[in-house]
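Got some structures for you, see below.
Two complexes, one shared chain (chain A), two partners (chain B, chain C).
Now for the complex of A and B:
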């Protein structure tokens, strides 16, 4: 064959920096969008992506990947797996799609930020493919759930959620917008691709794919593992950017970006992924606990990657490792208790067998979180459902926009970390959340959490009905217990909520 | 939750599509109304409303002089989604790869004159920079456009430009093997930065890349610069190639023109949609009138240096005809 090998022309494809003459370099790459931090173009030109792909490779490979994922879906569509799936698994899918499909389409914006504003030509090209990848993830994760809209209005939230003021959507937007849409190209490379995509997306997509395969949901398993193959390619943009920053004396700045966003990602996963893996997924299909997945994907791999680059573990690492036994259990209880305010039906996951599993994975669970579930179980058994439903407002953290949680029981440690900044009192769920805020108050200070809005009278009427209206949640969409309290030994197990 | 109204009934599609009569296509399902940053015009991003990036999106997207009550009604006339784009372009790449292969087997570059290859060194290989600039420009407009359906067209357009960059780099290496002493793979930046044939395009590109308003940037790239580049490089240069026995470049440029025609189709549809709002007409015509003279200079300078001044005049006329067809010039 006389065709050139790609390594013969690859370097030319990424030799595209020129010196502008008709406009200023600083105008062409505004600091706010590029974030070159005074590092000269020649240094950025050393950017070398570990995963190299050409345009023709890209379209060929991606065509095949899509053919695979779409044909699995088509082949299994008639089997109507979803109709016989455990309601907890249905909730898993609804929470996943609502929080991620539209957000992934948006993620292409962050890739486009790098494609236009990065000073490194290799980064601009890889981000061009990354842009297409995220377009894929948005579109395919809308196409797959769409067939279920006929089953219940909760499926509508695969498209709808991110456009609403539903509290979990607000929290997700606050985190995603902070991480990838309001940052310069260099920060995007570090915060989105390095800190988030190398570890956390792996967790969500491979962890969940493992459970999906166990649960027999081959459509979903093949979908999200296919997505992950794209993530693991475009996630590799952060490493070379970090290397350049460190070589040019910007290690501290890089470290801080990682520390801020790693914590934020952890908090979001504690409410999204934690409950899914440890409570919603039917017991017999749980491959590993959330904590075990975190240990494998985050602690093991992320630690190694930081080390390889000469970076440090975030300063709060001990607190993070400690919180692996706590935060997501609290988040889960909060979501379940406030179930009318989410678009899926939370599965309590607190039957006697499930509690046994939780105790084995999280020794001490029964004596802490279990005690709260004891009270809930007893109330349900005595027909006092109203006591298991919300009447008051939680305290919401002004950083993660999630409820302030901790470990109940004898070691009760729930604490509101406060800060007065320019005359306003802010609440935080942890010292680290407060620290994140303090690193750049101007980014966050004017934002109102959903509870702030409620207290300011922006949500009317000022009751649960008004809050649901504000969150665009109507009957037929609002969450109920996924198993109609069967886990508590009450009534008969019902199917997914109408 | 007392006196709860009737639960909402399941629908056959997304609620935002349910009112329409027709059954939603794959395109509708996966492309429409995705930009959540458009939900609150005052705070595109869920952070401090006064954050500079919130200002940026308010100013350059939400408050753009180009207005439409519902940009989300825009539809790509080709209805491409990610899945079908890859199928389309994988086929196109197989075709171009086949061309490269066959012409190389036939010893094409040994059969064309050294003189013509020297022309390619100055007039073709440096286009890598120009095409990359188009890639960057499209990526910008994509991140700023007011509807996901517009953004999606621009993502694909940006990737198509990277496709052209890649073809150009590929041919640059092949030509360097045929004529190793003509500076292929080494001198392109010098040509691009200094040679008179590129300065018109370079000026328009650099100035276009700092237009931050999404709609004006769309005008510069899709209605002025790209048509100019296409008429000169895929038109005039391809004709010159043909008369110099370079069938390969002529076929390559035709293949790239398929992409360009698709870009013009969606851009035309968007202009058509914008022109339904009376106040947009003058604004669009004024913007086109403002930017087009720079494109005329770019085409004329390029073609003159190539020794194709007359063909350049016809290329300018073709660019005008495209704009005229859209009602953007008399």
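Now for the complex of A and C:
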């Protein structure tokens, strides 16, 4: 039997708009879910995805992708790579899985919103595949770490993290909820697929895949490369949606959505990917610095994509570029110092050789962030471990829900961007975080940061033990220094959590 | 006498931190409380200097013996603690 080539029927079969007879358009596509913004159906029908795929091709390709990743895992399982891997690399994997596996599964809901409510038939078609993609990403990233749960309970946080009040999980959920669950289909296409996936997941997955290959972790490298091929396909939904908005006089609205979520994504990656690439990955396996990855994947590629669409760089671009030398160093020091409150073992990455690398990648590091590490290192060398652990909470930004950090030492510039709104004092880690809040206060004002909850008495007892209980961090899960302080030139130290 | 939360932005440190003081505390006592969480943890001490408290939003340096309740600060408002010769 002869078969038509897909390009001969593709456009026809995905032309699935019809005239409803039993309900009216507004009931079929409620504005709250669809977000058509008054743009007529004919305009949405011009949506033309750059990447076209039929269902049968999709299924066949996905099956091959899964077979590839699972067979690499099966083949290498006996090699027990993890047992000989550097502890910093193990932490990288645990942080990655906990922050992303369940969030990816949740992203299926966002794709489903487009699959059902987008006014553009092509968008609905692509999002159906996107939805299946995200289910795969959730499942595969829960399955791969599962074999390691026999090694430590921290691996279980791949599944557990997003269901707890652990602070990094709260921060990630706040951002993902804002971007994926509480927006109409058009906003999801722009914020999730264009701003977040085009820019940032590219970097997380390609950056980490490069480091994984260098570190000899072929299982993880093949896993995340496999995921990235899906991301780069379904990330292409945002472009055509943006084009329609711009053609119909909604450029400003589109621009604002990008500006808000780009910054939010940047902050999340500054705490997740920044420490991993510049501090956790063993020195000899670092392919590029975090800043170099950002310059290549964000500054280079994202900038060009905005340009091609006729959009502007976010208004805060200069500040964003400046912050590439700062924010993630502060986030890393915060995660390391408050290490009992995370589900992985942070690697300090501050040995003399690593500091030399940091200074070469970030000139001035020694005179700024290095000053704090000097004090920490000396404390460890003189046996004062208790001074390298926290006795209070950091002030948390009411937008990104991450600590308010800046440059220490000789370049001290730490600043809190405060705002009193309806009688409540809010704290923000940057002018842009505060700006995001001000664009839609009703959306954000009710949220309580972990510090707000602590002060409201929700965390009991009001000490570190109470905070760990609140965050569901049990013995064996609580983070300790990944290398037992060897980087500081000291012998075996007793772990604080023991 | 009532507890009063503040956010401590300590000179030379990388992060702002929650401190809880008494509203009858003087600014010198506030500075000392803030120092517990920064000095000798991530900030080297500066012998011979005094630690002064200033309002983060305005830069106004408070008198050393001023009580927290007289400073017009909001709960959790951020203060800077700086090393000073006087």
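Everything below uses one rule, namely that the second predicted complex is superposed on the first by the 490 of 498 C-alpha atoms of A that agree within 3 Å, B and C clash if a C-alpha of one lies under 4 Å from a C-alpha of the other, contacts with A are read in each partner's own complex, and residues count from 1 in each chain.
The definition used in the following text is that contacts are C-beta pairs under 8 Å (C-beta built on N, C-alpha and C of every residue); 3 or more make two chains touch, one makes a residue touch a chain.
Source: prediction; values computed, not measured.
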{"item": "Partner chain(s) touched by A:75 [first = chain B, second = chain C, both, neither]", "value": "neither"}
{"item": "Which superposed partner A:387 touches (first chain B, second chain C, both, neither)", "value": "second"}
{"item": "Which partner reaches more residues of chain A (counting touched residues only), chain B or chain C", "value": "B"}
{"item": "Which of chain B and chain C A:395 touches, first, second, both or neither", "value": "second"}
{"item": "Chain B versus chain C as contact partner of A:105, first or second or both or neither", "value": "first"}
{"item": "Touching partner for A:26 - first (chain B), second (chain C), both, neither", "value": "neither"}
{"item": "Partner chain in contact with A:405 - chain B first, chain C second, else both or neither", "value": "second"}
{"item": "First (chain B), second (chain C), both or neither touched by A:425", "value": "second"}
{"item": "Which of chain B and chain C A:369 touches, first, second, both or neither", "value": "second"}
{"item": "Partner chain(s) touched by A:62 [first = chain B, second = chain C, both, neither]", "value": "first"}
{"item": "Footprint of chain B on chain A - complex, ascending", "value": "1-4, 8-10, 12-13, 15-16, 18-23, 27-28, 32, 54-56, 59-60, 62-63, 66, 70, 102-103, 105-106, 108-109, 112-113, 115-116, 121, 124-125, 127-129, 131-132, 135-136, 138-140, 142-143, 146, 149-153, 155-156, 159-160, 162-163, 170, 173-174, 177-178, 181-183, 340, 442-447, 464-465, 468, 474-477, 498"}
{"item": "List of chain C residues in touch with chain A within their complex", "value": "5, 7, 9, 11-19, 36-37, 40-44, 56-57, 74-78"}
{"item": "Complex interface listing, chain B residues touching chain A", "value": "1, 4-16, 26, 29-31, 33-37, 39, 45-54, 56, 81-83, 85-87, 89-90, 93, 96-97, 100-101, 104-105, 128-129, 132, 135-137, 139-140, 142-143, 148, 151-152, 155-156, 158-159, 162-163, 165-166, 169-170, 172-174, 185, 188-189, 192-193, 202-203, 206-207, 209-210"}
{"item": "Complex contact set, residues of chain A against chain C", "value": "329-330, 333-334, 337, 369, 371-372, 374-376, 379, 387-388, 390-395, 403-409, 412, 414-416, 418, 420, 425, 427, 451, 454-455"}
